[in-house]
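The same chain A turns up in both complexes below, where it pairs with chain B and then with chain C.
Moving on, here comes the complex of A and B:
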């Protein structure tokens, strides 16, 4: 398992348990995210508190999950991101497609 | 293929034997991860990627067979060679492990530790040789059908000097692609893309993107549109419509060079901001666009930026592998640092040659984290 899940109000918080999010765990992450979305979770908040690095394979898995979620009318939020990771997401404009918050409690409109 | 220190995961509830095996493997140059239960091994596998697993069969809690089944159900662990270490010599049990659970081998627990280490070492060498052979075959096949995602040479563009540097990750062809598309006698389209993912799976899709970009360029030109933003838009629409490319995303930097006016027009899709080097002032600045990754949304909009270079000014477009690095087994990504590091080289005459030397020295198999590509355009 790459994700540890718990309900926070009506949001499902999925904490990523790995520190380096890369090619070796991207497929597993995608599988787990698709499962959560297919189970009908409408608001999924991905907690990155343990993640120190994301490579393009993992980023691809995140974006695929987002596309799948949008197709099912679900939302994905990102929280607790390290500065380096936020900087990377901004550089390649992925911050425009994900809803990014500092903490889960900051999520509005969910 | 990853060379260097071999990594093994040892799983056994007999702590004495576990310690003994770990010591013996480490003595032979392995990095040994120890787990006293299958449950602990699964936790370890979330962080570590051993090249081979040696596991006991009879363990309290999850036994060796259940552990193996669990690994087979996981996309990231199912292909790690797995060997059972067991006191059982029940033929039926052994056959079940070898056939149904695709274990590579069974080793009797009574085997001397040195022999176990030698057996695993040989097995791993065979696995590595097989991987190297497969890689060689794939390379030969790619060469035979003459498919290239990176051109063999740079184009000649009047008034400009074009050069590039490319180093695939671990020697595998990967997701980065480069193209120079000549349009009549006046324009050249400079293309740098990066299909998300690594190695062969990403490489395979580069050809779809390259074909679509070439088609979009021709389509736009035929209708008189010399606008890289429109080319990106058309490419993105087709990519989003193509069922074979569902979930395949790519960044793209596209620069249209006009030989007649000397102007450049740039549009980007989820790419890193390009770098513009002002030669007179010796200053390097970033130029951003707003376009999203190709394949994300068919309705995505792209914008183009016009760039006018003075003599010796330079434009650099590059893939994200150049801002990533590995040190002490930790990956980092830092665009600002890359920019800072290459700036001094650009101030010298033959600056890009110096940049290429610097990159060749910086990105070794040990420090490189992804494909690395960079294209330089200098105004003569």
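Moving on, here comes the complex of A and C:
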């Protein structure tokens, strides 16, 4: 289990339980995300509070999940990111495609 | 210093720790956090590339540290990277007249390679302009080479005369 899920208002908050998000857990993460999206969750907030590092495989799984969500009319938000991870997202410019918030309460309507 | 990396996911974290410690120790901890992050990004992505694409059980890493630069080199005996990529029959990209070949392009990044000679290519990334905040179906899912390019000052691949593959990455210390 990579994600721990709970409802916060109309948003499903999925907290990533691992610290190193990499090749070893990217596929399982993607499967769990696809399951959440396929169950009809329209607003999913990914909480990165425990994550200290992500690699390209995990980023690929995140983008794949985002594309799947958008195809179903759903939204994915990222919250509680450490500075190093935000720096990596900026480095490869994927900060332009994800909706990034400091905390879940900052998401409009949460 | 030379390290052997076994191409298994379980070997990744111990290898990153060992290689990172070597860099810190060699520089007597006189290295910025930014440079250490860049080294970790590069090492991780070179390892992942080896696991996913080399088809070989292991790679050899050489880490060389000079006064101004950290050079990380991964060598394996797997399939060649560029003979297929440099196939002249492939669809020409707009840059190809300058010798630049676009390997991939999505709404945010364009990954290019430029032949330096008949055996070596250099990788670099361009930003694709006018990206809106909204996603699009053309967003790529492969970021390994892009992360290495963006974390380093120079990134090349060479098909060695003995048939081995060598990825070489330089990171400036200052």
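The working rule: the second predicted complex is superposed on the first by the 108 of 110 C-alpha atoms of A that agree within 3 Å, B and C clash if a C-alpha of one lies under 4 Å from a C-alpha of the other, contacts with A are read in each partner's own complex, and residues count from 1 in each chain.
The rule is short, and it goes like this: contacts are C-beta pairs under 8 Å (C-beta built on N, C-alpha and C of every residue); 3 or more make two chains touch, one makes a residue touch a chain.
Here the structure is a predicted model, which is why all the values come from computation and not from measurement.
Steric overlap between chain B and chain C is present once the structures are superposed on chain A.
Legend: residue contacts after superposition of the two complexes on their common chain; A:52 is shown touching chain B, with no touch to chain C. Within the superposed three-chain model, A:1 lies in touch with chain B and out of touch with chain C [touch as defined at top]. When the shared chain is aligned, chain B and chain C each come close enough to touch A:67.
Of the two partners chain B and chain C, more residues of chain A are touched by B. Judged by the touch definition given at the top, the superposed model places A:84 against both chain B and chain C.
When the two complexes are overlaid on their common chain A, residue A:24 makes contact with chain B and with chain C alike.
In the superposed model, A:106 lies in contact with neither chain B nor chain C. Shared interface residues of chain A (contacting chain B in one complex, chain C in the other): 20, 22-24, 53, 55-57, 59-60, 63-64, 67, 84, 87-88, 91-94, 96-97. On the side of chain A, the complex with chain B involves touching residues 1-2, 17-20, 22-28, 31, 52-57, 59-60, 63-64, 67, 84-85, 87-88, 91-94, 96-97.
The touching residues of chain A, when paired with chain C in their complex, are 20, 22-24, 53, 55-57, 59-61, 63-64, 66-67, 70, 84, 87-88, 91-94, 96-97, 99. Touching chain A in their complex are the following residues of chain B: 46-47, 49, 74-76, 175, 194, 196-199, 247-249, 251, 270-273, 290-293, 296-297, 320, 324, 330-335, 369-370. Remark: chain C residues 9-10, 12-13, 37, 40-41, 44-45, 48, 51-52, 107-109, 127, 131-135, 137, 139-144, 146-147, 150-151 touch chain A in the complex.
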